[in-house]
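For clarity, chains are labelled A, B and C in written order, and residue numbers in each chain start from 1.
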Amino acid sequence: MVEPVLQISNLVKNFGALRATDGVTLDLRPGEIHALIGPNGAGKSTLIHQICGTLRQDSGSIRFAGQDIGSLGVADRARLGLGRTFQVSSIAPDFSGLRNVMLAVQAKQGSSFRFFKPVMRDMSLINTAMAMLERVGLTARARIPAAELSHGERRQLEIAMALALGSKAFLLDEPMAGMGPEGSKSLTRFLDTLRQEAPILLVEHDMDAVFALADRISVLVYGRIIATGTVEEIRRDPTVRTAYLGDHA
Amino acid sequence: MILTRENLINFILAAMLLAVPFAANALGQPFYSTLATRIAILALAATGLNLALGLGGLVSFGHAAFFGIGGYVAGILAAHAFSGDPLLFGLSGSKQMWVIWIVAVIVSGLVGLAIGAISLRTSGVYFIMITLAFAQMVYYFAISWPAYGGEDGLSILVRNQFPGVNTMRPLTFFLICYVVLLLALSLFALIRASRFGTALQAARQNEVRVATVGIQPYRIRLTGFAISAAVTGLAGALFADLNRFVSPSMLSWHMSGELIVLIILGGTGRLFGPLAGAALYVIFEFALGGLTERWQFFLGLILLVVVLFARGGLLGLLAGKAKHG
Amino acid sequence: MTLALALEQLLNGLQLGVMLFLMAAGLTLIFGVMGLINLAHGSLYMVGAFACATVAAWTGSFWIGLIASLAAAAAAGAIVELVVIRRLYDRDHLDQVLATFALILMFSEGTRWLFGSFPLYLDIPPLLQGAVALPGGTEYPVYRLAIILAGAIVAFGLYLLISRTRLGMRIRAGESDREMIGALGVDIRTLYTVVFALGAALAGFAGAMVGALQSVQVGMGEPVLILAFVVIVIGGIGSIKGALLGALLVGVTDTMGRFLLPKILALFVAPAQAGMIGGAAASMLIYIVMAVILAVKPRGLFPAAHA
């Protein structure tokens, strides 16, 4: 068996008396899209926070790219190649989309302590960033302040930044949220090709997208994974039907 | 450089400041040279703060500490050079401005590094209050340490020297300060456009985003804060030479407040905001001060109106919204 | 003898701590409920002191002056809130800092305008003059003991107000969820004005009490304000309990440091030097304590949940 890129084992996180993450074990294998679904309040956000490092787990381990990352900070995990997008997109609003992606490029190059050369004349930064923007289809909007981009465009911008980091895995937190039907469709097509580049852990409410994209699905309820399997297995799983899917299946 | 409206206004501002002392010299009114020098030095101090506040979004209410430390470096080195007593580790004092500047930059930069290392662990209101508290600590230290004048301050008997010129001439000293200011503004412009500046500004706009691409916001901010402190410290050394006197009032929290006020009056985050603000401030002080002893009341009123209703400051009014790359 | 002196210094530290609490409680309440940083809080302290001194001079009664200080500071607070402060709640901290800095300039110069540049003096009321004997043979002024007692009563009153009354319930609701409180049908604007006036009254009360110990002059509120900042940073911004403990810690540390450090140093170096180094070190002590606490707990001892 191929070694998973991301391996989460027996992860536990308590908030006072509430056990928000209850022994979660989950892996992400090369080339796959692994969808994480579950009702609101199931602990998806808490789990994501622990994977990317904004929250520290109480026990359990997180291995990424062959290394235990459970005690690293957000920036260190990102440098190892954990690329992520946010539920509410997170960008530098005053900068253009281009300069946002250039920030990711310079971070990838490990060169943020250069004080004199103007970035806007630095073709190595600009060309790489433009290539990433082209991949997500934002070339025409590259020089517009990110604050003025549409909701969907900001999503694309975030993905371009994750691409620029040369991510070894993508952690996408509800990328379809707030997208219109057209946007969802084109994003679904894009993510379908993105898995070639690096595997995707996809947290998503949009079941059409999940069923269209996922190689495997894990269902999180009350902080526990109640089932993991292929789309068909999850559709048929009686516990999942009662706990969560309801009419969708 | 592209000729935008803002660049044009900046150029006019710089030219006007340069013209004042020459006119004053021609008219035999050296007082106006001193006024212009004061503007240049305060603008330099605020340019230092602008690196932290304008680019990094770090509302430091303690930059008087660096301003005052720069001033005391000038005063103490000059005092030792005058008396001939060795300073530390057998090193002697100095009357040379460039030596004083280097020491001022290093000392205030290092103190900035220390204060920043603790303060930057926090953010928001905590950061404001902690920088204020540390500056107050330096202030009380200066007051209670009698070796260099304590509460009474320290006089610099003869203005420090610069190779090849007579610094006692008001016009000459102005030109020295003016050139240093232009260099600091160039440094600000370079940093703003650089990779480091990109990361520093991004950390202001969205800290999480910066961490998510793998850059530690703390390190970027700490570096920015130390550079900011060093530039403000350099201004302090010049200010001490201007007045030929340094006292704890340079370290007081009113000074910290005034430095922020300069930036806001001029326009936050803009290259020439500090210069526009310093010019406006010194002119207010001079004009209102001539009319009424209570000019600070009206300064407060004007400041209140600017904060509540004209947040772009002077450059915001003249040149429109600030642009970012 | 030294023990008695130490006891006296300890009481002085408590007295300073109690005064700092009155300032810090208002600051931290205003931040907790409205999310506002108010630099002009020291000006309200000054307003209280001036009101007390002026009214006491007119009427000959410290007590009427004390009531006047509460009324004047609360009124000044309410007016400032209505005219300026309420425009700042939605602004960032930088705007709040600048606007309240502007208010300090106006308050300070305005007070000089009205009262001139000379300090006023406020006598300790006859009832509280004199001193009591401390164990060990020294005497301690009754008035300072009264300040400690008054501070303790106010702290307890504040506790009752916040935990037992309807207003307190609204304040607590406002601290935990600003949107929620509007949904509860509470008139937020009025609540904010009341909280601000309450904080102002506490500051004015502190100013009046201290006014009888020191001279009443422009700028008297600023050193206290900065110490109060240190207090709430240590205690955790937004926490009244943190403000109380932080205030006592800062008051006692500062006073005992000034008393003890030169004495301790005198064991190692010459007395004159010990006085100098000890004095300078003591003036920095509370800031060092603050730095150490922040290095361990960046959000203070009792971090408020939302701040």
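Annotations for the structure displayed:
One rule holds in what follows: a contact is a pair of C-beta atoms (placed from the backbone, for glycine too) under 8 Å apart; a residue touches a chain by one contact, two chains touch by 3 or more.
What you see is a predicted model, and the numbers here were worked out from it, not measured in a lab.
Contact with both subunit B and subunit C is made by no chain of the assembly.
Ranked by how close its C-alpha mean sits to the mean of all protein C-alpha atoms, the top chain is B. The geometric centre of subunit B is 31 Å away from that of subunit C, both derived from CA atoms. Subunit A and subunit B have Cα centroids lying 43 Å from one another. With centres taken as mean Cα positions, subunit C sits 49 Å from subunit A.
Only residues 190-191, 193-199, 201-202, 205-206, 208-217, 220, 223, 324-325 of subunit B touch subunit A when the two sit together in their complex. Of all the residues in subunit C, the ones that touch subunit B in their complex are 31, 37, 39, 84, 87, 93-95, 97-99, 101-106, 108-110, 112-113, 222, 226, 229-230, 232-233, 237, 276, 279-280, 282-284, 287-288, 290-291, 294-295, 298-300, 307. Taken in their complex, subunit B has these residues touching subunit C: 53, 59, 61, 118, 121-122, 124-126, 128-130, 132-134, 136-137, 140-141, 143-147, 253, 257, 260-261, 264, 268, 294, 296-297, 299-301, 303-304, 307-308, 311.
Every residue of subunit A that touches subunit B in the complex is listed here, in rising order: 52, 54, 73-76, 78-79, 84, 86, 90-96, 99-100, 102-104, 106-108, 111-120, 122, 125, 145, 161, 164-165.
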